[in-house]
Structures are given as structure tokens and as C-alpha cells.
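Before any comments, here is the structure.
Chains here go by letter, A, B, C and D, matching the order in which they are written, and residues are numbered from 1 within each.
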Amino acid sequence: MSKAPDLRVMLGPIELRHPVIDASGTFDVLEATARYERDFLTDFPFAAYVPKTVTREPRPGNPPPRVAETPSGMINAIGLANPGVAAALADLPRLAPLRAPVIVSVGGTTVEDYVAVVDAYEAALAAAAAGAAPNVVGYELNVSCPNVRSGCLSIGTDAHETEQLVAAVRPRTRRFLVTKLTPNVTDVVAIGRAALAAGSDGLSLINTLKAMVLDPATLTPLLGNRTGGLCGPAIKPLALRMVSELAEALDAPIIGMGGVISGRDVLEFIACGATAVAVGAANFTAIDAPDRIVAELRAEMRQRGLAKLSEVRGRALDRRPPAVTGS
Amino acid sequence: MSKAPDLRVMLGPIELRHPVIDASGTFDVLEATARYERDFLTDFPFAAYVPKTVTREPRPGNPPPRVAETPSGMINAIGLANPGVAAALADLPRLAPLRAPVIVSVGGTTVEDYVAVVDAYEAALAAAAAGAAPNVVGYELNVSCPNVRSGCLSIGTDAHETEQLVAAVRPRTRRFLVTKLTPNVTDVVAIGRAALAAGSDGLSLINTLKAMVLDPATLTPLLGNRTGGLCGPAIKPLALRMVSELAEALDAPIIGMGGVISGRDVLEFIACGATAVAVGAANFTAIDAPDRIVAELRAEMRQRGLAKLSEVRGRALDRRPPAVTGS
Amino acid sequence: MADVAGPASAHPQAKAAVHSCRVAAVRHYGPFACVTVVGPQLAAAAEPGQFVMIQVPDSRFLLRRPLSIFAVRDDEVTFLIEARGAGSARLTGTRAGDILSVQGPLGNGFPLAGVRRALLIGGGIGVAPLQFLADRLAAAGVGVTAAFGFRDARQARLAAAFHIEHLWLATEDGSAGRRGTVIDLVGAIGAAKNTVLFACGPDAMLAAVQRWAAERSLRGHASLEAHMACGTGSCHGCVVPTTSGYQRVCAEGPVLPLQEIVYE
Amino acid sequence: MADVAGPASAHPQAKAAVHSCRVAAVRHYGPFACVTVVGPQLAAAAEPGQFVMIQVPDSRFLLRRPLSIFAVRDDEVTFLIEARGAGSARLTGTRAGDILSVQGPLGNGFPLAGVRRALLIGGGIGVAPLQFLADRLAAAGVGVTAAFGFRDARQARLAAAFHIEHLWLATEDGSAGRRGTVIDLVGAIGAAKNTVLFACGPDAMLAAVQRWAAERSLRGHASLEAHMACGTGSCHGCVVPTTSGYQRVCAEGPVLPLQEIVYE
């Protein structure tokens, strides 16, 4: 196997040059470019860009502390801090140099919030002069954020509410629509099925696990928000299980994530049925982590004699017919 | 604060000399005593003994491999391997030298299974000659094992089924009844509330998180059962969150567990509202881990000037009145 | 959004990179260590008040640790580290020859334009960025006085790492230097009208410095700490409340105008 | 339950304990290392075929690693370790003076009563328990022949750690010793009627040895590997299928009668 392995994947209609994308909220291409020698806009390590979740109104976010380390993981309660959709749209021209496709992450506390953000993007993109905006190929509906007291959680943990949300957003855009699922549920397949039934084109998971860490000195919650979302290598086994459950039960492209920190992890998610794989907390281990991960993925494929990722996709799945209920 | 801290706690009516007990399935006092220099029966490190879950019939358990390491954690799919209740009862006299109280863990796939095990224990204990059996003070209903395809999972993930199970077992014994909850649910408080409503005296949590690891060589599931239960320090932040949710919402003694590996961890669970704290995977780090953990707990209390554990119990909880729904 | 525009920095910011640096020397002062690494690019780019994100050389630690730049000399950059938790303890245990992954320089740094007289106020490990600052100010001919407050003589061993001409010490228990807080100390030293304050230390100290400066209408800057994940402005994890909303310590900071920080 | 009563062991089992052992010496053979620790109690208690659970000296690793006892001499116990994954790699990187936490001895060990002639069959790192066995057998006047199979010359470097008089080698690629599998090798060596086989190695090898022995009506014992958590019989994590149901490698094993192991 001396030919270079082909890392390209098709995420629905979107061609990605490799399967590795960023997990929303963990890499800001403008901030990184502002601070580092490297121009991450023109030398973008990921195959697609998923910016931080945008909401209709600006959100200051949760009181600090907002992040803490945990054994082989971390916890965060940012609280969807973001400047709101108007400011995000004003920033669009700055993202225009980006050659990678963009998937806009949308959050909110009501169905109307989500619709408003998508409508605003559609209008802005329709009005944008050629070359004045990046290539927005889709939306990711963040129905799974466990940090916002008043809204998100209730949508993503309920199949019916998820279905209603997706159904409301679906007619507003022809772009690729991904629903990002929360792991804080009894039956992730039921929520995923509802999202697809309402017109979601794909699914992404997992968002963070609701968790809590204490300040060792005071034995009271460390995070300003008391609870936060657990992520990182600690939770990868849970993420792999959920991704494979979805891949076994449903037929839709999946963006898998949760604890990816190496090229082999990417391969594992693909073996569990994912088409693309997102890197979250690992972005904090080093600014060049995505480059390393993609290089490791290429090396792993070469070692294993894999020419294409489709050779490994779904290899870990249970292909037996589902058990008959009640037997 | 020169007086030695008082580690005693009351778990309902049961006095424990300190709060640290073993998590079911992770320490077998007879096996340890058979193999080690130390007689763990007469020199028992825990304040109470929770043996491995017993089922009505013998169970061979899952095909191997059954255990694997994960980042800061481990996964297991033992599959409730146990010799069945008749063999467990035949072993009771061997446990008689144990001075610590025993809480029998009961599993099954139907309500009748659980009732049969409890009935068998009650009959055997009533018939046992003085000194011929250990001091069985209660039962722990393991409704939460995620590994058995056909049964447990569906009980512990459903409030109604949990309620029915507890209601069926409750009249069969006057001993302390604990329901062990699974974390694989959207709303752990709803399940805990159902268990208490049906007569459970206390709650224990968390059991393991359903998860999957791949064999790095083949990229297929490593465990013979494909999926297994994740535990260890990796999941402690999730366990702390769930224990505090229960402690905030319900009024019942809680046995907290999940990732405890140090004396400070014990204190953290107590700060989150637990009365007793169980040690699972940490038993595998060293056969004398429980001794170390209790010693660390004592040292931490001394350093913090705590005379009794009640001074710290619930310190991490949110004491604000619950938010009005629909506001 | 409040935290998008940072306070204007007095000097153009050099860009950060990931540097693989060999440890040249480690000196220990009780629970503190001065770790000197070879990093020509880093040394050339760094400004006083900036920080780096260092990887703890042990795979158990997911996040990098933020550390101020303590001193820069030729190709070498030195960090002054307190063993607080497991990660920083591991870093103080580094040995000459080890390789550390250092991401930086990051953050805005102290604004130095127009400063004539400077009073550097440090508490505990918060003194870390002040040597580099003193060196740069002295080189520019600025009159520098430093006042450091420590808990006790043990913590005051930190002072041994410093080379600042006018350096005053206080300890709370009086076991080294003057007895009292650093506020008592600066009270005794006093500050001329045009003095600019540069403060770094625990929140309680900074709040006290803020009040002290306000009463005397003194201008000043504070370098802040916060739990960080990215150190790069990406995650919004490191915010502190300011008079203009939350600001990110890693992006708008770590140096903020003393009077803009909000303490309850 | 099938796995409660183990096969009768030929010698009374000494009890296990947690030992804190200083590393006396480490010798490297490519990706393999011989790690010798000082452990008087452990040395006194250990029987051939038993194993220990060693803690990887790095907090990232939750579980101990099971390792066979390779050799015992006076107060010292030696382990022969292959760097397979991250934990065993860390163990092969141990240095003299390091302290290792060693739990053991555990498991039943090889039954030796009545053995007159022994053929030791090892594959890959599975050779590890056979030096101690050979030493004990030789001391009892038993005639010992050993046949080791390796993939290639690189793996065959393991043989350099052994001191067994009649030791035969095969490699699959012929780069060291005879070309072929260890089965080809024992076929060539042959075995008298009353020979007892002691085998340890990968499953495929053990299955082949099982068939080979059955065809010749030879009695034998195999030492098995399994993923373990407790190593103590508590967790039922380490089972293998046998003709009498699942047996725990750490409790009924690691040595089981060769013909009782079930290979699909």
C-alpha cells in the first residue's frame, strides 16, 4: 500500500478534504489568527469550520470560573457567551478568506430564536456580494447545551420538542441541517430519529455531559454556574457507544465527537459509523493539535493498509437484525 | 482541633463506623481473604459489606474480554456473573465472622426474580442459628445494571417500572431497602422519587455509564458483550452532579459513588449530600486502597478542622427554592 | 459584545507560536521554582505582562497551565512557578534537559507608554511578572519601586529570585520584612502623583490596591488570573467581570486597568 | 458455579500481599526489558507460574498490569516485560532505584507433583514464566527441554534473557533458529510418553499445542492471559471458556489443564 491514503469524505452533499472538523465553541479562527504567527484563515487545519454557537441576542455567558480540569477531561460552563447574530453577521466578511466550508452552529431558548438566527443568516448570505462571505454550507442546531438554565436542555432531551424545533427550522433553509444531540438522555436514538423525521439531514454528537466539580478548598461548586459540561478523553467510550447506537438504528450522516485526541480516535469514531469527526477539548492541548491528529490519521491508514475511510466505516457496528421486542 | 474527628454516620437506622463502603461487584471478601495474607473478614476495611449482585439463578456472565482500561477509568461487562441465590446462601456461614453490617445486592430480569431472591434471604436468615450468618441489615436493588440485555436496563431507566419493582419487594422485608440508580437516564430524580414513593428507604448511585471501547488492532468492540459500563475517576464529575440533584430534590439517605479514589473524593460526595460513599474501581488500584482512603478522609477532616461529617454534609448543594416551572 | 475589544496596548503585540523548549536550569526556593528554558523566538517576542501556556509533561493533564513570563535574558525565558496543585507541582519538578512545550507569548502585557515612575505591587506568587517589567522599565530609565507582600517568611523566599534595586517586603506574620499587608507597605512607601501602579496578586490584594489607588487618584494596571482552557481567546473560559462587562483574561488581559475590575 | 473450585494445585499456595519494591536492575532486549526488584517476602512466597499485579508508576493508569514471575534469586524477583501498550512501555522504562508497587504472588502456579520429564513450550512474550519453572524443575532433578517460537529475530532476542540448558528456537521467518512455528519445532524435538507439557503463548499457539498434545496423548498445562481488573478473584473480569464453564484466569488460573481450555 504505497499510494497515499485518500482521506476525503462526503458529509451528505458536502465534500470534506478529510474527516476532521472542529467542535463548536473550541476553536475561533479569528482569535487564533489574531494571536498566532500562523494565518489560520488561509492555512485552516480543519476540513470544515463550525464556529461557536450563535444566538439571536448577545449573551454575556455564565459567571466565572467557567472551566476546570478533571481526570482525563475538563468541564465548562461558558453559558453560550456570544455577541449575538447581528455581530456574528457583521464578522462574516472577515471569514471570507476561509476556503473550508462553514457550518453555522445555532442556539436559542425558544423555537423562534433558532428560526430568527437562521433567517438572519439566509438573508445576509443572499445579500452578500461575491467573495464577501465564507461558504456557509449548513447549520448545526445546538439543542443540547446543558448550561443554559432556561432553554436548550429541555429541547434536546425531549424527542417531541426536538422534532418541533427541527420542523420549524427546516423550511427556512435549503442548506445542510445537522442536529447536535445531548448525551444526557435515556435514549439518544429516539431523539435522533425525531430530528431526522422532522427533516434534519444529519446528526452530530455528543455534546457535553452534565456534571459538577467542587472547589477543593471550600467543597462547594467550583464553576460559577455550579454545573457544567464534561468532555475530553474521559468520556470517549460513552461517545463511541452513542454514535454506534445511532449508526445502527438510523440512516443519516453522523458527525461524531467526544474525547478525540489522536488520529486513532478519529478512526474509532468512523468505525462506529461517523462520517466526520469533531475535535473539541483537544484544541486546548495545543494550537496545532488538529494538524497532528490529521497527520496521525493518515499514518494510521497507511499502516493498516487502508486506501479510503469507507473501508473502515461502520466496522464496529452490530449488523445483526434488531432483537424482537417482547421476546 | 486536636480531638480525633468522628467518622461515624447513620445510614438510616444503620450505624457505620465511617462512611466508606464497597461498591457491589468490586470487592469479594472471601476471595481476598483466600488469596492475601490479611484476613479481610476479621480485619474488614469497609464500614459495611455490599457483595456482588445475586440473582435467582446462576449466571455464567458475558463472554470475555470483560474488562478494559480507559483514560482515568475502566469499562466492564461482567454480565452479573454469579452462582445464584442458593449458592450465595450456602456461603452465608462463611461470612459470619464479618463484624461489618451486610447489604445484599439483588439483581434480576423480572420483578419476580427480585422477590424470589429477597424471600430466599429472609427465609435463610430467619432459619439461621445464632452466629451462623452475618448481620444482613438491608438490600440494595440493582435495577441499573446496563450490561444485561434482557432486563435490568429497562427497569432502572423507567420510573414506573422502578416503582413497581420496589413496591413488590417492599412488603417482603423489614430490612433497609436501597435502590441503586443508573446514570443512563434523562432525569435521575424522577427515578429516585419513584423508588422512594414505593417504599425504598434510601438510594445509591451511580452505577456505570453505558459505553464502548474498541480493540485498537481490529477497530471492533473489545468487550465480548460489545458495550459495558464506564466507571472510575473519569466519571466522578457526573456522579457528583447526580448525587447533588437527588439530595436537593429528595429527602432520603444516599450512598454516593462513582470514581472515588481518595479521602477528598469521599468528602466531596458527602458535601454533595451523600451519607455513605462507596468505592468501586479504586479497589483494583490496590488491595489496601480502602484503608488509604479512610486514612486520607480522617487526615482531611483534621486539616479542615471538621469534628463530624455532618458539618460538611450538603455543603455543595443549591439551597435556593426550586425554580417555578413554566416561568 | 463587551469583551471583543481589548484595552489599547502601548506596544505592538508579537505573535504567538508553539515552542519546544529545552530546560536550561531550575532553581528551587522552597515550594517555588525558577525554570529557565531556551526559547530564542519566545524571548524575542515576549513583552512584560505576557504569559505562556505550558504543557505539563504528563499525559494525565489535559489542559495547559498559564504562567507569566518572569524574566527574559538573551535566548532564555524564565518562569517562576509555585507548586499549588498537581500540575504546577509537576512543573516545579522539571529538570535541566527536559523538553517543555510552551505556547506563547500570549495576552496584552503591561502598557508602558508614558510611564515615568512605577510602583510595582505584588502579592504571593503574583510577583511573577514583575521582574521582567522592572527590567524593561529600568532599561527605559523609569524609576521603579517594588513592594511585595507575603504570608510568611516561607513565601517570602520568592523575593530571593528577584533583582530589583528598590524592593520592599512585608509579611503578614512579620517573619520577614515589615509586618503587615502590602497595602500597609505601600502606605509607608507612599507614591508621588505621577506614579503608575502595576499590581499582581490575589483578588483581595488587588481589591485593596484598587481602593488605595482610587483614594489617591493614582492610575494603575492589574495583571489577573483565571482558570483557562485555550489561552487564545477561543473558548471564553477565562472571563472576569469589569466595568464594561466580562473580559477575557487571556485576550483582553491579563493586564486590565486597575479601576475597571469589578470586585463585589 | 463452575469457576469457584480451581484445579487442585500441587503445592500449598503462599499468600499474597502488597509489596513496595525497589528496582535493583533493568536490562533491555529491544522492546523487552528484564526488571529485577528487591522483594524478600515476594521471593520467598512465589511459585513458578504465579503472577503479580504491578502498578504503573504514573497516575494516568487506573488498573495494575498482570506480569508473570520470570525468575527468583535470593531476595530478588525478576519480570520479563514486553512494551505492548502505553502501560507496559512505561514499565520497561523503569530505572534502578525506582519504587514499584507489586501485589502478589497471585494465581495457582504450575502443578509440579509427579513430573519426571518436562517440555516447556513458549511463544512470544509467553515465554516469561518458563525460566522460573525450568529453575524449579531442574532443581528437582526433572529433565527439562524448552522450545520457544518467535515471529522473527527481533522477538527472538527474548531468548537471551534465559538460562535453560536444552533450549530450542524457531522463528516464523527463519531469521533466528529453525524456520517455522513452535509446533514444527516440538514436532522435530519429539516428546517421550511421560513428558508433561507446560505451554504459554498466544491463543493460536496454545490451540495448536492442545491439538498436538491430544494426538500424542500427552498431559499438559497452559498458562493463560486475560484482561484483568482485580487479579484477586473479586471481579470475574478475567474469565476464559473451559470445558467446565468460565474460569477466572487470576483465581482458577493462570495455569489450566491444557485439554480443558475451549478454543472455537
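Here is the rule we use: a residue touches a chain if its C-beta (ideal position, glycine included) is under 8 Å from a C-beta of that chain, and two chains touch if they have at least 3 such contacts.
Since we're looking at a predicted model, the values are computed, not measured.
Trainee: Can you name the chains that touch chain B as well as chain D?
Mentor: For chain B paired with chain D, there are no chains in contact with each.
Trainee: Identify the chains in contact with chain A as well as chain D, in label order.
Mentor: Touches both chain A and chain D: B, C.
Trainee: Looking only at C-beta pairs that count as contacts, which pair of chains has more of them, A-C or C-D?
Mentor: A-C
Trainee: Could you work out how far the Cα centre of chain A sits from that of chain B, in whole Å?
Mentor: Taking the average C-alpha coordinate of chain A and of chain B, the gap between them is 35 Å.
Trainee: Could you give the separation in Å between the centres of chain B and chain C, each centre being the mean of its C-alpha atoms?
Mentor: So the centroids are 47 Å from each other.
Trainee: What's the distance between the Cα centroids of chain C and chain D, rounded to whole Å?
Mentor: That gives a centre separation of 56 Å.
Trainee: Out of chain B, which residues touch more than one other chain, so two or more?
Mentor: Only 71-73, 233 qualify.
Trainee: By residue number and range, which residues of chain D touch two or more other chains?
Mentor: Correct list: 60.
Trainee: Quick one: do these chains touch in a line, a ring, a star, all-to-all (complete), or other?
Mentor: It is a ring, because the chains touch in a row that closes back on itself.
Trainee: Going by the touch definition at the top, which pairs of chains touch each other?
Mentor: A-B, A-C, B-D, C-D
Trainee: Which residues of chain D touch chain C in the complex?
Mentor: Answer in residue numbers: 58-60.
Trainee: Okay, in this complex, where on chain D does chain B touch?
Mentor: Contacts found on chain D: 1-2, 4, 13, 15-18, 55, 60-64, 87, 101, 103, 106, 226-241, 245-246, 251.
Trainee: Show me the residue ranges of chain A that touch chain C in the complex, using the header's touch definition.
Mentor: Interface residues on the chain A side: 25-28, 31-32, 34-38, 52, 58, 60-61, 63-69, 71-74, 76, 78, 81-84, 87, 232-233, 281, 283-288.
Trainee: Provide the residue numbers of chain A that touch chain B in the complex, in ascending order.
Mentor: 70-73, 75, 149, 157, 184-186, 209-214, 216, 218-221, 226-227, 230, 232-238, 240-241, 244, 259, 264, 267-268, 271-272, 312, 315-316, 318, 323
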